[in-house]
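The structure appears below as structure tokens.
By written order: A, B and C. Residues from 1 in each chain.
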Amino acid sequence: MSLLQVEKMTHYFGGLRAVHNYDIHIEPGQIRGLIGPNGAGKTTIFNLITGIHQPTEGVVSLEGKNLVGLQPYQIASAGLGRTFQNLLLWRHMSVLDHVIMAQYSRMTYGLVGAFFGTAKRKRQETEAEEKAYRLLELVGISGLANQNVLNLPYGDQRRVEMARALAMEPKILFLDEPTAGMNPEELLQMMEIIRQVHKEFGLAILLIEHRLKLVMELCEEIQTLVFGEVIAEGTPEEIQNNPKVIDAYLGKEAID
Amino acid sequence: MEATSSELSAPESGLKSKIGRLFSRVPIIGWLFGALVAVILEQIVGMPLALALGLPKIPVLFGFVTVLKKPMLVPSTMLFVLLIYFLPIVIIARLSLEPANRLAEKLINFSMEGSVLIHLVLLYAILHIWAEVSDYRLLILKFTLIAIMVTVSLNVINGYMGEFSCSHPGFMALGAYTASVFTVSLFVNDSLFGQALLPSFLGPFLFPLGLILGGCVASLGALLVAIPSFKTRGDYLAIISLAFLFIVKSLIENLEFVGGPRGLSSQPDWANLPIVFAWTVACIWIINNFVRSTLGKALNAVRDEETAANAMTVNTRRTKMVAFMFAAFWAGVAGGLFAHVLRYVNPTTFGIQKLAEVLAMVYFGGLNSVYGSIVGAVSLSILGEALRPLELFKWIVIPLLLILVMIFRPTGLIAFKEFNVKKLIRPKQSPGKEV
Amino acid sequence: MAFFLQNLVNALQWGSFYALIALGYSMVYSILMLFNFAHGDIFMVGAYIGFGVATGLMVLASLWAFTLPGWLILVLTILLSMFLTSFLGMFVERVGYRPLREAPRASAAITGLMIGIILEILILWGMGTQRVSFPSLIDTVTYNIGGVFITNKKIMIVAISLSFMLALHLFIKKTRWGMAMRAMAFDYVVVPLMGVSINHIARMTFAIGSALAAVAGILFGVAYPVLDPYMGIIFGWKAFVAAILGGRGSIMGATLAGFLLGFIEIFVAMIFPSTLRDLIAYSIVLLILVFRPYGFFGEPYSAKLRL
């Protein structure tokens, strides 16, 4: 049984079919890629699996546990972490608080602890903080822990998102264009972070990317999505040489 | 981060920075000593001094009222305030700098809780002695403490969670009426509920129970706003909460057994200063604990970006529900205390006027800040009393002030500041070691 | 049946006040994405301005010893008061809202509330605590149509309200300014780039909204000839509820919801004891919003108070 199983997932926005019969099976520790032109439905697939939208049809399960119909926070707690393409950060919170907040589901001290500051709360909050610092270290921004996120440059905000997603201790990580808006130098750093994260936590990763260089280098297998349907699937070489992909996607953009 | 304003201005030359340097190292406990001496001094020599200066009596509110009423008395009032409050506080605070810092250090090393307790006892002693001068002062003090509770709790919804809730007076009303019905029906012989059911010596012991009961009823009422908040936010939720306020008010007006529009009176006189003070401290302590926990910070996450909060394992529904019910609980307790301080409530008390008042306190003091709410509640309460001689124009001065604050500091005076008790009471001496 | 129709007529009149005021809320909302909480008090001040203008005209007429017919005074009063009140609206916009356009919306709401309080106090100070009665400009004529009593005033009030609503509708749909307003409502950011000044549009919106509120105030004075400084609070908040109920920023919705609120209130008072009016009316409002969380014509998008 795969770690994440998605079968025949279909979604309609009103009458518009956004995703059609999407299948993916991800094994533990795999890095998979999802490419496709703008509006192909890549982010919609993320939103469907993570529970932000409900699939009209289809099966989604994580380690055999059904995810369809659950609230996003339940899916997240089950082990599915993600980042957002358009950086959904909390504008009034510090970097450190972002990473602590993603450990919400592991705070078991309850309201009594929150109201009266029990020893259990102190312990769990301290643990969360220590873990947050470790993760910030990992993504290379531990020096910015007490900054407000809005004061950070764009590239560092992406790192905050990464650390935040990792703090949930996910079994599988969804990265929605983790290098969007980054300069080449930051891009290389982010690639290094993704590799390191993958090595250190043995995470499975599903990656949406526009920059083909990143996808081709990192991913074992790549799906190409056009108009909500997978038109090609295979290793980077297979994808690069697939005429359908070249026609729909690669033909228009140079590989950098 | 550690730098307070006085520390920042320290390198500047000039008189201001000199004074700043002199006093920036006075710990809170030093100021408390000063204030204690001042109020004791007032107790002992206040009256003769006032008479000697040609004042009819001790100025009740630091002379604000007198100044506005009788401009002729301005110099002597100012002299009184200078002699009784300003000079003693400043001198004692400065003189006790060394021992106070040593004491603060010792206390904090001995036990954090004990140190906080001692500070609170000192603060209570100051307030108690200050309020002993006149019943008017006592009343203002109690109302101010209650206003702090209401403001801090409203800040949980409007500031920390960022919803514009208008239902707070409604929660207060629920608490006020529940607690009143509890005490009046059980312990008072009156026309509405008949004979007392329990001996009155039990009353003061069961009074907290009545307040908690009031808080719980307010919490339950809050569900009516919290559940729609799962799907609706912003303006529509504001209207739902406003409708809730009108519904509560109208409901009470139509409930004959609690006196309908005539109101409910003869509450026993159990809300004395120590009780109100203790509840206020409990309220601030618990709310401050809450908003600094991850469970409490989840409110900020829901406010700033709900989708992200949900995707980062935050149970947003639970968070919203807790926020509304928790804030409503404290509003209910505050309402219960309010009813027992005034010993009379009627539905009109909890209308739009009250709403404007508490909203003003929250937004004046500062959003997302317990500290700000305390400042907002205290300053607007005192200002409201101090400007009383202006009569009608008081209601022009205060709104104008608030408009100015909104224009120049749109989130309020002290917004987004953490209320850290530990930082507040620690010693401020030995800069080489601390900073 | 006659009883029902009678209440229907009353509800129409009652609803026209709400609708006229709600329009002002809605217009400002659609342009600036915030509610003008001083609007209820602008309605109140408008009524007092109407009172002043009408009294002034009557005094002038008697001084110069010629008689103006009541209807003419009324028409002049409405026009002059609209003109004067629109300046109040523009003033409120300039002082209370323009400096706060980039601030959190809650702050602007607080400013509006405070301006409202100031307006009340100013009127209270100027006019005293006594209520004033609006001069009776036209004589009441009652028609009995199959047991339903309709006065000429009621017909006039409903007719004037409806015609102003129609005029507003035409203004927004047909004129260049209306077009600019709609564009602004559609996209707050782009329109200033297209050479339309947002300040100008905002000023105009406040002016028109306030002028309509003044009409409502005068019509209210004609129907219930007593004015008091707190009428703005009572009516304003309810009209605000109507504006929300109609769907944020929807002119059509505000009109319909205004009338709907009028109907609810009148018919609740018809069936139940009148003390239950607010209780039931607001419970209905709450229910409607629970099941239609975006009002009748509102757009379901996540409205957040920008902090």
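One rule holds for everything that comes next: a residue touches a chain if its C-beta (ideal position, glycine included) is under 8 Å from a C-beta of that chain, and two chains touch if they have at least 3 such contacts.
Quantities reported herein were computed from a predicted structural model and do not represent experimental measurements.
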| query | Can the chain contact pattern be summarised as a line, a ring, a star, a complete graph, or none of these (other)? | reply | line
| query | What chain lies farthest away from chain A once each centre is taken as the mean of the Cα atoms? | reply | C
| task | Skim through the chains and flag the pair connected by the most C-beta pairs in contact. | result | B-C
| Hey, how far is the Cα centre of chain A from the one of chain B, in Å? | 44
| message | Could you work out how far the Cα centre of chain B sits from that of chain C, in whole Å? | response | 37
| note | Separation of the C-alpha centres, chain A versus chain C, in whole Å, is 50
| task | Note the residues in chain B that touch 2 or more other chains, in rising order. | result | 303-304, 368
| remark: Among all residues of chain A, those touching at least two other chains are 91-92
| field | Set of chain C residues in contact with two or more other chains | value | 307
| task | Within their complex, state which residues of chain A touch chain B. | result | 50, 52, 71-73, 76-77, 82, 84, 88-93, 97, 100-105, 107, 109, 111, 113-117, 121, 125, 128, 146, 164-165, 168
| task | Sort out for me which residues of chain C touch chain B in the complex. | result | 35, 95-96, 99-100, 103-104, 106-111, 113-115, 117-118, 120-122, 124-125, 233, 237, 240-241, 244-245, 248, 275-279, 282-283, 285-286, 289-290, 293-295, 298, 302-305, 307
| Taking the complex as given, what residues does chain B use to touch chain A? | 1, 286, 289-290, 293-298, 300-301, 303-305, 307-317, 322, 368, 416
| field | Touching residues on chain B, where the partner in the complex is chain C | value | 158, 162-164, 224, 227-228, 231-236, 239-240, 242-244, 246-247, 249-251, 253-254, 303-304, 306, 352, 356, 359-360, 363, 367-368, 392-393, 395-396, 399-400, 402-403, 406-407, 410-411
